[in-house]
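Chain IDs A, B, C and D follow the sequence of writing; residue 1 opens each chain.
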Amino acid sequence: MTLDIGVLGYRFMGKAHSNAIARLPMFFPDAPEVNREVLVGRDEEALSNAADRLGFSRTTTDPSEAIESVDAFYNLGPNFVHPEYSIEALEAGVPVFCEKPLAPTVGEAEEMAEAAREAGVPNGCAFNYRFVPAIRYAKSLIESDELGEIHHVRGRYLQDWLVDPEAPWAWRLDEELAGSGALGDLGAHTIDLARFLVGGEAGEISEVSGQLRTFTDERPTEDGETREVTVDDAYLATAQFEGGAVGSFEATRNATGHKNDHTIEIEGSKGSLKFSLERLNELEVLREGSRGFETVLVTDPDDPYIEHWWPPGHVIGWEHTFVHENYEFLSAVAEAGEFEPSFEDGLATQRVLAAIQESDASGERVSLD
Amino acid sequence: MTLDIGVLGYRFMGKAHSNAIARLPMFFPDAPEVNREVLVGRDEEALSNAADRLGFSRTTTDPSEAIESVDAFYNLGPNFVHPEYSIEALEAGVPVFCEKPLAPTVGEAEEMAEAAREAGVPNGCAFNYRFVPAIRYAKSLIESDELGEIHHVRGRYLQDWLVDPEAPWAWRLDEELAGSGALGDLGAHTIDLARFLVGGEAGEISEVSGQLRTFTDERPTEDGETREVTVDDAYLATAQFEGGAVGSFEATRNATGHKNDHTIEIEGSKGSLKFSLERLNELEVLREGSRGFETVLVTDPDDPYIEHWWPPGHVIGWEHTFVHENYEFLSAVAEAGEFEPSFEDGLATQRVLAAIQESDASGERVSLD
Amino acid sequence: MTLDIGVLGYRFMGKAHSNAIARLPMFFPDAPEVNREVLVGRDEEALSNAADRLGFSRTTTDPSEAIESVDAFYNLGPNFVHPEYSIEALEAGVPVFCEKPLAPTVGEAEEMAEAAREAGVPNGCAFNYRFVPAIRYAKSLIESDELGEIHHVRGRYLQDWLVDPEAPWAWRLDEELAGSGALGDLGAHTIDLARFLVGGEAGEISEVSGQLRTFTDERPTEDGETREVTVDDAYLATAQFEGGAVGSFEATRNATGHKNDHTIEIEGSKGSLKFSLERLNELEVLREGSRGFETVLVTDPDDPYIEHWWPPGHVIGWEHTFVHENYEFLSAVAEAGEFEPSFEDGLATQRVLAAIQESDASGERVSLD
Amino acid sequence: MTLDIGVLGYRFMGKAHSNAIARLPMFFPDAPEVNREVLVGRDEEALSNAADRLGFSRTTTDPSEAIESVDAFYNLGPNFVHPEYSIEALEAGVPVFCEKPLAPTVGEAEEMAEAAREAGVPNGCAFNYRFVPAIRYAKSLIESDELGEIHHVRGRYLQDWLVDPEAPWAWRLDEELAGSGALGDLGAHTIDLARFLVGGEAGEISEVSGQLRTFTDERPTEDGETREVTVDDAYLATAQFEGGAVGSFEATRNATGHKNDHTIEIEGSKGSLKFSLERLNELEVLREGSRGFETVLVTDPDDPYIEHWWPPGHVIGWEHTFVHENYEFLSAVAEAGEFEPSFEDGLATQRVLAAIQESDASGERVSLD
């Protein structure tokens, strides 16, 4: 069976997923065969060029038409596009893979998760960092109780592309279109990773105090005007987990000198972990009985996904996480199986983001239940 | 002129300060001459042994008697001892050097600062990390605007000596005696460093949301019983600075694998800094126009205090911060000059700690004014 | 025009190059179109499976037949296969891309370089580390005199896959088949990088003292016997460059805990560099006037090859060096242009390797001229 | 009993040892009592000032007079002063502690070692890096077979204070006065550490190939003239150990950006180690069964010498190695015991240095036996 897929979005995420799908046959020979059937967008010329380069059979400017003709639908557009077409696909019984954050608002995310539940087809929220081998390895250590009871979770995501106040306005800076700023774009990744890694041991996040900050209130547009920035440049939060662990979270697009510095640190009663996305092949592990953090290069044949790639020490890159993610999602589609992170996971993260926003507005700690 | 000094406390801090004073003549020949006149404590035998080893002329179990006979009084006892004898000394016109946090409660700290203001003699709160050469160098970079407008301050202090639930009860775990736990013991250092480094540019901390956590509720005592732990094992806070910067703070004694990991990171519109106490000779600096963080070994002859020590790359240790601190304090005493950090600084930090505690209790953001 | 290519070898290197070629259309749209025409090997079944997975139109067990039918020939077999078929292809006017080291012996390398000179078609020796963006960036810094006069070059390549004396015998351990051990397999990369980076400023290596070491003299074979190891497990060398710089080189397959640790350090009169393959997106740079090494993440859009990939901080992997290398080689083939590193470069490195072997045998420093 | 000691030399090393001795009572209460009796030098005024600051009772310009009146003699003068007064003291039955390298030439070192053997009193060569806690800990790991059979030793010592060709001439740059340059000054430390760490397991160095290099042939003097540099700015060597391990050694004073970067790496059949002097509280350890190097902060109470100092994570500095060294030497003097590293150790290292020089001159590998 060959799966026909339709993809909405042909820029950064469109390229990342198309590449991932294109690489499956050589490296994951047991993946289902995939036909990049149709690429969806609005600008016909740009779309046509992209389809050519990304290996799609045809293009359309009508998402509904695409949805009708495919076995799986990738919703990689701006956040505000996520709800409508994801729900439409699900209602048509078409599996959906949607970029993160799941939706601009928690209300929309709830509708999407509801649609997913009713559809009963594979649905995924594209938290690709779950598919970093070092992160999978970290999870296996936590699951096998190498860390003991979880005490601390620390996650931060630092970038610097908005430090310059003259950096241009973009859809990501508009609350209507994006929902939130660094919170949804970067924080969603961090919250999801925290849930993925310690959810089984520490439970869900049960309370948060949050703070948002916008450093630059308006930015230039292409037409020489300025436009208001209506989302956060940075968020900070402290959190309580059901099981008693505490968490500290932060993301910013104003961290001068940090390009893509997504860091997770976890400390338990027996051991600890550190991970940084800029060195994504490495995991620092403190085991019971050892005296310091071990710098593990997670590139051995029995490390997650590594047997598909290269010998030890021949490091992989950021894009490989998309290959793993697509392998899992498309396998689930082919086998009518389950995929995680699902829309349910996307919603759970969205609820935390919303609570952070609510806490920022009210100045009060917010409980999730 | 020789300064006679009296020191209350002869364990960890007593040793650290006595050593510092003893080293001044060889390395800081322009420091005032100091006579370690009297060591104050309760256990006469232990006190006498300590006086011998630490080079004191005599001992007493009566702090008041000591205060009367010295040119400067070091209050290095447990936190609950800080207010009474510090105030007594100040009222007698004797300069006081007091360990941190200044007092168990902000109320007592206010009384101490008031006494210091009225006394008009040098008074110091022992935030020794201000005297790390790399931290002084960091401050000079910030003052000369190398970082531009400050956006982010991130401070955390991770230790692991209370991870073991069988670690014994001690005075530091009692609210009456210590005021707070990791918050006052470790967090006080972090808040003071933040104030020291960015206070001039970002202003004071104006708002905080705080969260405390005690992982182990009771601990064994020497007599085979258990005793309640009434302070925090960890605190987390987010903060707002007057000038618009945001801060994230945390300390814990339950961070498995971290021994004395006090980290400060600051990001500004033009540059950034990172510092870690476990590598205290190093500062990581991101300058305007450069592409990455420079790892600077702050051991050059023109670095703060270094000309007194060794050639470049011959690293100094934790204890050297006490030598610098004592040099500055004793010079201020000899010259009837001013010393920073003063009781005023101790109080300012205490107010932030109190606000964090209040926020933890109320679940609401707390404003400082 | 579409280039038909033939590839001899379908294991590690065959997969790495096939993948690279397959990825060109999406990421390097101006690369020539390539048809993976024929895959060459001896074991028909394995070959057929590989051809399927690696995207080749057909297979053959006759290299000569393949050579006749292609526009470029990739010689990715074991070292002992390099000379015969590379020369055959060149004599047929077919561009050749040959894995490193160029040949088992310097005599064969000379014949190959001679054949390349006479053929006048593009020829390449696959020193892929020249195509790491951080290495290209390093070269640009050296060329623009950021390091000044070169004083020191330090290169080492540490792996550990032969530490276990029970690791099985393989062709790489036989002098007839491989020429040498760690020297040719790993040292060839190091010597080539040194030549690439400082050749223009420091000149060629003019003298070496070398030492080889075999830690395990025989190893088990698949049939339960043992077979002699006739190559080195490790080499060490000191070197003199024409321009006065000195070099220290080493490689080993017995460095417990090091997986693929290829490190180059260069110090000049004004600045210095450090690079490590296990963190291949990073370059440490010490610039004139700065105080420490800057850790540069070489993933900005204007860094070599990066505009073809992902945004800043979205790191690439080891395999990307093959994409860049194939892009350059195939472009040279399409345009009848020149490619570096060429067979001439392969020969230059081989001469250094041979001098190290000669020095090891004689105990005397060996001059190259 | 109080030991009267005499010290020749009052600059860098004089200060380092005087400080160390002064600190013993507070931190090593079981050390013998020491009276800094007499400081020896040539410039009476500078000498008198130094004696004051370093705590000596008196001064003399006559080493022989000092030797007669003390219980131990510290020879901390320039290298060319080492032989005469060390031998004089030993012949007078006075224990001697001599700075490294033991002598300018191996011939003189042999005479010194012979004098030490005949005197039968404690004698020490000041290889202070043997007294770094992390190095002692490393040795304990090697002795308890955590590394298995030693395969590789790698040592390099990088400084940059002679990169500037205008850096002034000094006695260290004259062969008559210093014996050699970076080789004796820095290389002696590295060779001694290698012997200390792996001598028991890998045996002595049995063969070397060496290369010396002088980058700047003459340098300005204080009187505005220039003077010839007759020693090496850098050395490189490869070595063979009796037990089959191989070694790579290097030192330079021209490594731009490296201040005091003394690095030792050791790889064995079961585990590996890395140490760097600029982070002297840390040891990187790869243990059997672990996946990566553990970064161990060697500051726990049961680490070598640490119980005398501060709690875990409160790092020590370079100077502390002198305290440990003096504690051991003076204890040996008080108890008429033995001290290592002795003159015998100084001589063993000197033989390796001489073999490196000989190999540089002859171009041939040199055997030591």
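Just so we're on the same page, a contact is a pair of C-beta atoms (placed from the backbone, for glycine too) under 8 Å apart; a residue touches a chain by one contact, two chains touch by 3 or more.
Worth saying up front: this structure is predicted, and the values here are computed from it rather than measured.
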For subunit A and subunit B, chains touching each: C, D
Centre-of-Cα separation between subunit D and subunit A, whole angstrom: 55
Cα-centroid distance, subunit C relative to subunit D, in whole angstrom: 41
Whole-Å gap separating subunit A and subunit C, where each centre is the average of the chain's CA atoms: 36
In subunit B, residues with contacts to at least two other chains: 258, 292-293, 297
Overall pattern in which the protein chains touch one another (line/ring/star/complete/other): complete
Subunit A residues touching subunit D - in the complex, by the definition given at the top: 285, 287, 290-297, 300
Contact footprint of subunit C on subunit D as seen in their complex: 147, 151-152, 154, 156, 158, 160, 163, 209-211, 213, 215, 234, 236-238, 240, 244, 246-248, 250, 252, 254-258, 267-272, 286, 292-293, 359, 363-365
Residues of subunit B that touch subunit D when the two form their complex: 12, 15-16, 18-19, 22-23, 25-27, 29, 53-55, 159, 161, 258-261, 277-281, 297, 299, 309-320
